[in-house]
Structures are given as structure tokens and as C-alpha cells.
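My structure is below; once you've seen it, I'll send some questions.
Going in written order, the chains are labelled A, B, C, D, E and F, and every chain counts its residues from 1.
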Amino acid sequence: MTDADNPGSLSGAEHRQIAQALGDALPYIQRFRHLTMVVKLGGAALDSDEALNFLARDLAVLHLVGMRPVVVHGGGKSVGALSQRLGLEPRFRDGLRITDSETMEVVEMVLAGSLNKRIAGCINQFGGSAVGISGVDGSLLRARRLSEELGQVGEVASVRTGLIEDLCRDGHIPVIAPVARTDDGAACNINADEVAASLAAALGAGKLFLVSNVDGVLDAEGALVSQLDAEGTRTLIEEGAIAGGMLPKVRCALKALDAGVEAVHILNGLHEHAVLLELLTHRGIGTLITRSGRGQP
Amino acid sequence: MTDADNPGSLSGAEHRQIAQALGDALPYIQRFRHLTMVVKLGGAALDSDEALNFLARDLAVLHLVGMRPVVVHGGGKSVGALSQRLGLEPRFRDGLRITDSETMEVVEMVLAGSLNKRIAGCINQFGGSAVGISGVDGSLLRARRLSEELGQVGEVASVRTGLIEDLCRDGHIPVIAPVARTDDGAACNINADEVAASLAAALGAGKLFLVSNVDGVLDAEGALVSQLDAEGTRTLIEEGAIAGGMLPKVRCALKALDAGVEAVHILNGLHEHAVLLELLTHRGIGTLITRSGRGQP
Amino acid sequence: MTDADNPGSLSGAEHRQIAQALGDALPYIQRFRHLTMVVKLGGAALDSDEALNFLARDLAVLHLVGMRPVVVHGGGKSVGALSQRLGLEPRFRDGLRITDSETMEVVEMVLAGSLNKRIAGCINQFGGSAVGISGVDGSLLRARRLSEELGQVGEVASVRTGLIEDLCRDGHIPVIAPVARTDDGAACNINADEVAASLAAALGAGKLFLVSNVDGVLDAEGALVSQLDAEGTRTLIEEGAIAGGMLPKVRCALKALDAGVEAVHILNGLHEHAVLLELLTHRGIGTLITRSGRGQP
Amino acid sequence: MTDADNPGSLSGAEHRQIAQALGDALPYIQRFRHLTMVVKLGGAALDSDEALNFLARDLAVLHLVGMRPVVVHGGGKSVGALSQRLGLEPRFRDGLRITDSETMEVVEMVLAGSLNKRIAGCINQFGGSAVGISGVDGSLLRARRLSEELGQVGEVASVRTGLIEDLCRDGHIPVIAPVARTDDGAACNINADEVAASLAAALGAGKLFLVSNVDGVLDAEGALVSQLDAEGTRTLIEEGAIAGGMLPKVRCALKALDAGVEAVHILNGLHEHAVLLELLTHRGIGTLITRSGRGQP
Amino acid sequence: MTDADNPGSLSGAEHRQIAQALGDALPYIQRFRHLTMVVKLGGAALDSDEALNFLARDLAVLHLVGMRPVVVHGGGKSVGALSQRLGLEPRFRDGLRITDSETMEVVEMVLAGSLNKRIAGCINQFGGSAVGISGVDGSLLRARRLSEELGQVGEVASVRTGLIEDLCRDGHIPVIAPVARTDDGAACNINADEVAASLAAALGAGKLFLVSNVDGVLDAEGALVSQLDAEGTRTLIEEGAIAGGMLPKVRCALKALDAGVEAVHILNGLHEHAVLLELLTHRGIGTLITRSGRGQP
Amino acid sequence: MTDADNPGSLSGAEHRQIAQALGDALPYIQRFRHLTMVVKLGGAALDSDEALNFLARDLAVLHLVGMRPVVVHGGGKSVGALSQRLGLEPRFRDGLRITDSETMEVVEMVLAGSLNKRIAGCINQFGGSAVGISGVDGSLLRARRLSEELGQVGEVASVRTGLIEDLCRDGHIPVIAPVARTDDGAACNINADEVAASLAAALGAGKLFLVSNVDGVLDAEGALVSQLDAEGTRTLIEEGAIAGGMLPKVRCALKALDAGVEAVHILNGLHEHAVLLELLTHRGIGTLITRSGRGQP
């Protein structure tokens, strides 16, 4: 899987490049050492084996040099695919999908049983020690139903960070499927962005990464906006400049900033080394949203 | 879920009984404090909500009084049911079921995504802090294919106990789905009895509980044998007195004893408080197999 | 002493009851885990071997499930008995007994040498690790003479909790005889209720139990009052409804509440499992006095 | 009690002497830092307030500079005095005193309630943190009756050093009264020399001090023998050169050496600074008995 | 070097004196246990082997009994001597010496390479574990040039106490040469009094000792002033009563007091046991300056 | 000094390269994590600012990713240069240089005061926390004179690793000047290769790096030998194939291997990233000598 067993597989020139790069990376790494960062991996990143490999390797690197990544993942296309195979007809009310108990069972199996272990296993192939859990484990998340009509779709009612802190302190990388139980024991699916933002706030994380398949916030000309502060972001929303699928992401970012997270990064996981580059470069490759706009904290 | 929020719901006489019982249990509990015990929950126990509740409460109690339970679970009927719904035809070679990659995906989803979280959630309802993982997490288990013909069915190639020890030390109860990866990254299903025995040996556990829906080893007259030593057990096997579904359980028990586990208990999880009773009573309610036959260690 | 060496001595039905009771007790125990509780054992409880056994077993149980009991004891009838045998004539001034240095020597021997070790030994028979000390040890208590006339009778001048905290953290149960030294090195006897209240305050204990041979505060009809708040208690005192031997106990309770203890329980140690029942039941079996009257904290 | 509150009470010359002495003592102290030493204080030392003050101050000094003293004390004349006042007639069988249960109660009160606290209090006046306990506390000692005829006189059946190690690690000085319980719960008096030797062996102590009112082993001319090895000591016993009250002390010393203690010192506590001088000087002021005779370890 | 290898070299009377003195010192030592104290050793103390021995032994004693000394040293006459031998002409501007880069190299070699190791080695001969470092090590001190004209002479720009705290916690005695780097990497010499005061403030030290070859602050009649408070000291400066070489010392003392140090002692290291005596006696042998004048803290 | 304050100074392509390289380096780094490695920096590496920068950055990188480097340095040309300026005539006996006490003073000043701080300061500029010490500090090394004739030239008599272990555990990088004291307090210069080998053995280091200005062991044709085992190395010495300045290095390597070090690397510090490349590549850039010849441990 890795070159560790065959260190001779790279050329001398490549090694020289590695050595050089390690030296160049030194000051950047030192800046972010001991940083807790919540990384939300969205669907697109999970639908491509290559993208997942990119991300897993970046996370293993960041962990090795002393950062504390906490991963939250969404569902990708798998949930729909399995539902369809099982003949579960999607039902809607007022345009919103209804999650009945049969569908929820499928959702939990796919998220916590299939995707979750695929991500953890992939990070572990790069030598990390990822541990895949869901909101049920260690009573991490308590869910509250959004509405009776929508069935088992919930929001975060409360967070208990004990298990995450234990795992991070012991050198593991938590990988979290966004499924939790309500007070009456029903399983609920929660939006992964919301889970990531809530965890980032509860953990006092320095950074929240929202990784999907879009490059970031675009301006009127369609050009990538590298950096925004909270106020500027709110203006753009009011002006209608941020819309569509980006809108919920940006709202989630603002919520996390309000809750004390210092910086939120929106970036495209399909680019190789997206997470590393976003951390190591001044402009980054996506959009950085900060509370006060004074540069990357 | 519990009476904690409504302590007045029991009568005075019931409380008196609880107080009395706590006092009576004191010497037993002190005997087993700090004991690491691996508890394998078999299919039947998982197919009944009532049985699972019994077991989850017992585990929460044992954890509270200072023991260190580690749970391994099998699959119950759910795997077959889902496979059928998905139209996966079971295939066999020489009488053994073949697990192709599509089936394995279903197995992992059911074991690690559905059953695993159901067990963890149930223990957590009784106030424990269970954490559901599989062999993938923390690189706990490495699998080796049994044979190319059988597809993705494996055996335990190696165990890395770090994550389990971290979780136990931090006050959590690990709940383990018997799925792992081979060296080439393929997911494999492993027999849960074997996983439990391997973990018990690797953790230096004092006890291994094999919980299913049979009462224990029966003698020629069909009466339950309360206690056996390793040698006596081997004689019974040779004489053909132990056969059928009990045979693999007993072989697994002998393997665990050979590997240093001090005592293996075979018991029926459908009885309320099966685990507590097996620990608290001299005769127990199932069959105890020890290395030397000198009573419950 | 215990059944630990003979686990077969209880019947199957009794074991089933124990198992059931442990499950029932689970939510109660989880509520009070890690609670520091000061338990003052009054004379009557000490004059009966049976009552002492009841109490010792309850304390061992509470310690086992994670609470932190700290015991303070009074003197019972033994001091008077020994004084009489030694021909020490009790002397009084203004109705108060005078403790001369010869009597004080007897008091210390009985409290710190006889009763203290009897209590510690009794708890240890139930598998606890009780450590009998007095206010002298670890410079735990400093005494101040109440008046020159009364001789070596003192009050608590200061508390140094280091030794108690060390013992609790190391898994021991401190048992404290209410004897201390003044600044000039004279031994003094201090009222055990006062010592208990001072220690509860200094330790930041959640609960103070005053165990004697009365059931609690009685109302005008002689019926037990299950619960009072501080204000209500003060009213009852002003109205004269609380009088006699109960008055100093209640004053001690109010003092402890004022000093930050959350709840004081007055109960009768002659009832089996008095302490456990008072903790496990909503109404309790004695009188609970809280600061604000909003139920058992 | 001490000069700490009035540092001006010594003259400049005296201070200069202290400073000089501290410097001179430096190499000696460094040699014995972190040494666990069991110090048995015999009757004579306890019958004199002055001697007890000498010893208590030496122990506080040794503790301050990093040694770990553990004190065991005998009974002095107090037991007999109190028995007599209570009209308890001493009874003998074959020349040995019989300890009936009434006498044992007196013994425990005097040892654990009076003398034990007097010693602890005295050490604490010099700023140490002594904690007075008996063999009952923390189940430190288990006793076995010497014979049915002699009543409640016992020997050490087993030692559990947990409590002592906890106290030493937490910075306290354990002071131990030689009273323990048998398996059936009866209090027994044990010879203090034996308790000290058993503890020294169980703790892996480097040194055992037997402090009484004799200067040490005397030779045929009545001159003090400064040093002996185990073999030489045995020869002197066989030759009858060691006899009388010194014989049991020396036998106790040999037993401790056999059990792994490196050096036993027999010395006279009536000399000021007896313990310090025995540690700080080459010849010492008493008799040093070592296993191999190669000088003070 | 020490008498440790030959404990017989002192007479019995001398040992008796040591024992006596240790007892007398007990209350003083207990008062200052766990005190962090910064000790600045000035030139004169370093120019005399005897004085250095006095000081090193005192520091080893203080460390042994639980205090935490941190040593800062100046330069003595050695810098000038070596510069002269190397033919470096001293240059001045406005009466201030100019430190060019060649001179700075000599300064660093003498301070950090020669004197620093001489002091550390001397303390280690008395059994301490001194560790000689400079402001460069562990990035302890960052320097700022006083002025471009004076060359490589600096002041303390910032302090990072991590290394000092690590060394003290691990049982070592830091010995610090007053050399540091500026932000642009140039070595600078900093006044040792200033380094000591800055460190005392940053470490939250209880005491700062300024040890040189003068006895302390003298009054108009030339008599030693034993104690001053900050206000009184400021008055004396304004009145011109403190002048000459004492002025910078006293200013440094006031700066340390303002920064939170509780007491500053100015004393003469040529007296044997100067540091011990200043700590152990009420009047001390030098001048004690406190914030509020209420006696030695 | 570093780019940390100006992360925008590298181009996007360069950052991409860094990210790529970090990923490529991952398996190599994981292999050597937690490895203690002693790195001896020889004269040539110290005489070039550029080479020292290369080495310091490599050491900072290795420390950041979890290795534990311990640096020992030699003297370079500076000692001779300063001696000459001071007019110290080099004297020889039988071809060996005589180090009189005046010369030794120069040696210590240059090694411990100048070079030592230059190396520590350089590592610290790259964000490490280097601490420059000599054998005197923490009594790390005790020296023994090689012969009376040669004056103050010594060999390692004993090693006390406490200080080094403390510094490494606390996250510092020890930098050691090869100067120590004899039992009679005389300073001695010790060969730096010998100090490095002795430390590597005493610390149980996995690797010893001997960094100078030669590429490694050359064969008869002058080609670099990439790898040797101990036996093969001995044969080459016997055959005279290893000679000149390489001979003492190789002898030192063999000594370290005999003392338990697993691998010794001889490499040229003038190559950029020499240390990183030697660790990260299969062939390395210098000569690797192992005990058994089975590849890089």
C-alpha cells in the first residue's frame, strides 16, 4: 500500500525533493502544531476513490506533524443507490424528503457501516489510527427531530465531547458518521455540515474545513473569492451573491464563527493535497472565512 | 428510559430489596473488580430486543462496579434478510457459503452500521459509554482470507490492542463488529467467536463469555454440565458427546484457554441477567470451562 | 464474615434477586457517582453491633460504586463507662460537664483507640479500606478551647483537608475521631456534629448525613417531615417546633448548608440500609434539608 | 512550639553554626535520600517526653531532607498503669502473661488511642505530617494467635503495604500501633519489634532502627560493639555473649536481615539526636548489624 | 571533594553539632520549602574560588531541602583579561564601552563557556545537578540592542520560561549566562542584574538575591540598613543617599518588586554562608527590600 | 529568518511540491518516529555557515515529526585559531598534542561557549528548542585522563544520562560540547566521536550519525561503499582498505555497534539535507554500518 516497505522505489532526485520540501514546510507546520481542526468531507469527495486517497493521506500527514484532525462525513450517492435497490420509493412533503424508519435503517447502514469504515480504513492505510464512530457512540450526539412530518431527520440537540477528546489525546483520528439518537431512542440522520459546525464549536477547534466538490465562494464574475470576513459574507448573502448549494455551506460557516471557531475554509477535495495546500499557503486554494478578516489565524 | 428521572416510581419495599441486594452482592463484586472480560453476543441474543436489553443492562452494571467488559457481536438474522431483499443469491462451494464482494458490502453494513450501533446505543441508554467499532478502526484486526474460493471470509491474522486498551482505560465499553481488512485492503467477515477468543487472548482477559441461545454443554441425558476442565472437554469431544452447533463454541473455548484465558463461560442470553448470574453464583447458569478444573477463578 | 468465600450459600432465587436489584439500582448509583459525602455516626449507631454492621456494609457498597464517603463518629456510651470504672467523678459548671486533663485522656483513648478502630475494622471486613484517624493526624484539625472553665472541650479552629483528600484519592475511606490539639498542644474533645459539618464544608462535600437513633425532624403531630428547606427549618425553630436533642442537629445542618453543602440528611442508623435507602429513594427514610427546597440534589 | 514564628530568637553566632552544619551535613544527607527506614520506638523512649521530642524532631528532619521514615511503636509503661487502675489482675501461664479480651481492650486503647496520637502529634509539632494508624487500618496487618492459652496475643500473619506506600508517597509519616485483627475479627497485640521487622521486609526498607533505652550490643567487657555482621552475631548468641533483653532484639534484627533489609541499627533513644547521629556518623552511637559486614550500606 | 566518601573524618562532637543544627534549622527550612529564588552572582563572588565554593554549597543545600534556586551570573574580571590578551582595545562612546562583534565573541566564550561551566561544575561537586545554559538555549531570552552606537549590548526583549521550568521540575539547578540573540540573530551581552530581575518576574519567584562584594545598602553613617520597603528606598535615592555602584542594584531591585517579586536581598557573597544566613536569620546579613515593609515574606 | 511570517513568499507550484513531498515522506517518517538518534557534527560541518544551516534545519524537521535527536559536536578550526591569537605554542610528545591547563581553558571556551551556542542558536532559528550543554552539566560525563603526559585530554569514564533524558522528554534537543571533569575536578577535552558513541550506547539510541566532510567509506577504487556489516568492516580494516582519518571513525562505529547501537551512518554534512536523505533513502548518501548487515533497521 505504501512505499515504507520498499524505500528504494523513489529516485534520488525525488528524495532530494522530499527532503527539501520538508525543510520548506517546517515553519508552516510549526504554526499549526497542536491545532484541533474539524474536517467535513462531503459527498463528492467520498464518491471518488482518488479524492478519498488524497484526503486520507493529507489527514495522516497533518496528524503525524502534531495537528488534531476530527473528520465528519456526509453520505455521497450511496444512500440513494441502496434505497433504490431495496425498492424504497422516495417520498416528499413540501419539497422535503421524508425519512421513514425503513429508510433511516438504510441511511445508518450506509453512513455508519459502509462509508465510515471506508474512510477510517483509508486513513489507516497511510499509517494513521482512525476510529470510525457515529453520534451514538460514547453518547457523542443527541438528536432532536426537525419536524414530525419529515420523519427521522434531526438536528443537533446536544454534544458530549468526552469520547472525541479521549480519542484525540490517545493519538487516534475520530471519523464521525452524522447519525444520532433522539431522547426516545429513535435514530436520526443529521446534516453533516451542521454536525461538523457543532463539533467544531464544542471542541473549541481552531479551524473548520468544509470539503466538497466546489472550489469555494465565487464572485459576480465567477472568480474564486480567497478570503471573506463574517460581515462581508453576510452582505454577499443579502445581496444574493451567494446562493444555491453554497448558501447552506456559508450559513454553516457563519454559525461556526459565531460559536467561536476562528476560521472556516471551504475547499474542493477533488484537488490533490487540497487540505495541505489550504493550510500551507497564504491565499489557499479555496475560500477562507474569518470572524474579523485579519488573515489566516 | 431509566428510572433515574423519577426515583419515586419504585415502592419502599422494592427499594429495601435493592439495598439488601447491593449488600449481598458486595463480596461477589469485589472478587471480580478490575477484571477484563470479553463478552461475545451471538445471533439469538441480537434478534430479541428484550434479550439485548437484559444484556446491555448487565454490561452497564458490571462496568459501573469496576469490571472492564469488551463486547464482540455476531450477525443474527439481519444479514440474510437484507441480502435476500437485495436479490443476492446465496452461493455455496462444498457446502460452504461464498462471500463475494457485493455480499461482503451488505455484511459490513449490517454488522458495523446497524447491529453494532444498536448494541452500543442500548448500553448507552443504561448510562454506560459504549463505543461501536469494527476491526478496521485503530487497525484493531488484520484479516487473512480462509481460501480464495470462499471469497471475502477471513480469519484473524493479527491483533493490535491499543485502541481497546485506550477505550477501556478512558471508561468506555468497546463493542466490536467482526469485520476487518486483509493486507491488500479487502474487507472480510470473520467468525465472531474467533474474534472474541483472539481478543481475549491478546488482552490477557480473565474471562470469555460466549452468549447465545443455548444453555451450555449438555450431557448424554441432556442435562446441563455446570463445569468442565479442558481435559474433560477434549474427552467429551472425542467421545462424540459434544457435537452440532456446540462443537465450534467449545473448540473456540479450548483455543482461548490454551492462549491463556483463565475461564470461558457458555451461557444463554435469553435468560434475564444471564451474565450477572453466571458471575455471581457458584454453579452459574451455563457451562464454565477452566484450564485445570479448580472452580471459578 | 462475608459470603465471598462461599458463593454457593445463597439460593438461585436469591441470586436472581440480587441481579435484578443491581439492574434496578443502576440509575440511582450513576446519579451519585463521584459524590463526596460526610457521614456522621452518632452514639446510638455505635452502641449496637448490628447497627454498626448495617452502616459499615452500606459504606463499603457506596465506596465500591464510586462514591467517596468520609466518616466522623461520636462517642457512644463508652466514654462514660470507662470514666466510671476509673473512678473519675463527672464534674459540672453551670450544667456543662467539665473535661479535665485526666478525663480527656480517657476520652481520647476511647474515641481514637477503641471506637475508631472498631468502625474502621468493621468496614474493612466488608472489603473496604477504611483508615481510622483523629484530628491530630496530618494536622487535620486545630482546636480552640470553648472556655477555660470547661477545660479541654473545644471547637474547630481550622481544617486542613490534605490528608483526607489524599486518602480518598488513593481509594481509602477516612474514619475520623473528633479529637484535636489546640495551638498549645492540649488535646480537646470537639462535638462530632460540628466536626462533620466543618469537614463537609471544607471538602466541598455534596451531602452530609447525620446518623443517630432518631428518625428525623417530626412535625407537631409527631409525623416525620421528609423534606425541608433552610428557610422552613428556621421558621420551625423560631416557632419552637424543633427542640430538644434535635435542635443542635438541625443547627449543625443549617450551618453546613450556609457553608455550601448542598443537602443534609438526618436519619436513623438503627434501620437496616438506612444510608442506602436515604440515597436511593425519593422520599428517603429520614429528613432531607436543602438550601432551596427543590428536591434531592 | 518551634522558633519558626520568631526567627530572631537565635543569635547570629548560632545561625552561623546552623549554616555551617547544614553544609557539613550535605554529603551524608545525599547518601541516604529516598531511603525507606522503619524506626521502632520502644517503651523507654515513649516514657520520657524529652526523648520523644528528640526523636520526633529527628524524624521531621529526616523526612524534610527526603528520607521516608515509617514509625512503629511499643507500649511503654502505660498499659500496665491503666490495667492496674481498672483493677485488671495480671494472670500468667508458664511464666507468660495472658491477654484476655478485657485486657486487650485496654491495650488497644492505650496503644492506638493514646500513645499513637501522642507520637503523631509530637512529630506534627515539628512541622511533619504524621498519621497515626494501627494494623487494622487499610487492613495493614493480619494477626494470628500465638496460642489459645495466651489469649489475644498474636504474631504477624500477613502484611498489606498499600496504605503505607500511599501515605509515604503523599508526603506523610506513618506511625503504627502494633495491634491487628485475626481472621475471625479478634483484636490482638503483637510484639512491636516483630511488626517493625515484618514491615521493613515487606516495604523493602533499606534500614531498620530499633530504638530503646540501651546503647546497643555489649561485648564481654561491657563495651559497646559498633558493628557486627549476621554471622558474627549468630556466633555471639551461640557463645551466650548476647542474652537477656538484648536477645529478642538481636533475633528480630537477624530475621529482618534474612528478609532482605540491608542494615539494622540498635540504639538508645534517650540520647539527643540518636537517630540522626547513627545515620550521620561512621561508627554511629549504637550497634549496626549488616548482612555481610562491609560497612554501613 | 566532599566528606561523603569518608564519613569518619569529622569528630563525634562535630557530628553532634551537625545534628543539633539540623534540628534548629527545621522551622526555617519549612518556611521556605518550594520557594523559587533567583540568585544573581556578581563579579566579585566569581573572582574568588573560596567565595564560589561557599555559594555553590549553599545552593546545593537549599536545593536539597526543597527550594528551587535559579542562578544568573555576571562576568567578573575574566572578560577584560582575555580581551586584553587578544589585543582588543576597549573603545568608548560618551563614556560607555562599545561592544563590537569581535569583543562580543570573547564575552560569550568567557561567560557561557568558561564561567558558566565553572559555576555549574562547582555546584555539582556538592552533589547538586546544575545545568549551565545561556539565553540562547531553549530560546530562553530574546535581546534588543540598547543602541546602534554601543554595538552588541542589549536589554531583555522577552523571556520564555519553559526550559527553566522544565529543568527545575526535573530536579536540576539552572545556571544562566547573560547572553542572548536579537531577532536578527546577533549575540548580545545583557546586564546580569537585569536578566535576574526579568527572570524572577517571569518565573513568579518569591525572592531575588543580588550577591556581590558589598554588604548592602549603607546609611549616611555608613551603617548597613537591614531592611527597606520600596517607598523608603525611592526616598533614599531621591535624597542621594544611595549612589554609585549601589544605585543600579537598587533600581534593579525596585523593578523586580514592581514586577511582582516579593522580596529582594542585596548581600555580600564573600561571607561564608551568605545566602543561607540571609534566609535563616531575622535581620539577615545584608539588605532586604520588600514591597510593603512588613518583614521577610 | 524563516518564511513563517511571510507564507506568501513561495509560489503555488512550490507549495504543491511541498504538499506532495510531505505525502511521499509519510511512510519513511512513520518508520523512524520515536527513534533516539545521536548525531555527531564534525569540524568541517561547523566551519561552514551553510552546512550548519542545512544540518540545523534537518534536525528541526526530524524533531518535529517525532524523532529524538541528540547532538554532539567537535571543535572545528576555531580552537587552533584562538590559541594562536593568544600566543599559545602547540607542544607535542611522541607526535601527540599536549593540552596544558591554559590550552584547556581555551578549548572549553571555544567548544562550550562559542560553537555550542552557535549550533543551539541555529537550530532554534528553525523553531526547535535546542539546549547547549557540556559534559559538566547535570554531571553528564565523567572524564579520565588518557595519560599524565598528554595533560588534560581524557576519555569517557562514565555517563549519567538523566539530564539528556529529561531534556528529550520535555521536547528539547540537547547539544553537547565534549568537555568533562575528572574526579579531581580538572576539565578535560574528549574526542567527540567517542562521546557520541558512548552516549548512543548509554541512551540505547537506535542510530548514530557521524557527520563530517567526507562522503563515507570508500573501496579500493575510491567508490563509496553504501553499506557494510561489522564483520565486513573489520575485514576491510585488517586488509588496510580503511585507513587515515576514516579509521578512527570506523573504529568508533564498531564500538557503538558492539555496545548495542543498531546502525551507524557515516556521511558528509556539506551536502544539503544530508541527514534527512540518509534516513529517507534506501541506499542513503553515505555509508551505513550495521551489526548483521540485513539492511537499515
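The working rule: a contact is a pair of C-beta atoms (placed from the backbone, for glycine too) under 8 Å apart; a residue touches a chain by one contact, two chains touch by 3 or more.
Bear in mind that the values here come from a model prediction, so they are computed numbers and not experimental data.
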{"item": "Partner chains shared by chain C and chain E (touch criterion as defined above)", "value": "D"}
{"item": "Topological distance between chain B and chain F, in contact steps", "value": "2"}
{"item": "Chain located farthest away, centre of chain A as origin (C-alpha)", "value": "D"}
{"item": "Chain C-chain D separation of Cα centroids, rounded to whole Å", "value": "34"}
{"item": "Inter-centroid spacing, chain E versus chain B (mean Cα positions, whole Å)", "value": "67"}
{"item": "Chain D-chain E separation of Cα centroids, rounded to whole Å", "value": "44"}
{"item": "Numbers and ranges of chain E residues touching at least 2 other chains", "value": "none"}
{"item": "Chain contact topology (line, ring, star, complete or other)", "value": "ring"}
{"item": "Interfacial residue positions of chain C with respect to chain D in the complex", "value": "1, 82, 85-87, 105, 108-114, 116-117, 120-121, 124-125, 129-134, 136-139, 162-163, 166-167, 170, 172, 179, 181, 185, 187"}
{"item": "In the complex, chain F residues that touch chain A", "value": "2-4, 7-8, 10, 12, 14-31, 33, 57-58, 60-61, 64-66, 126-127, 272-273, 276-277, 280-283, 296"}
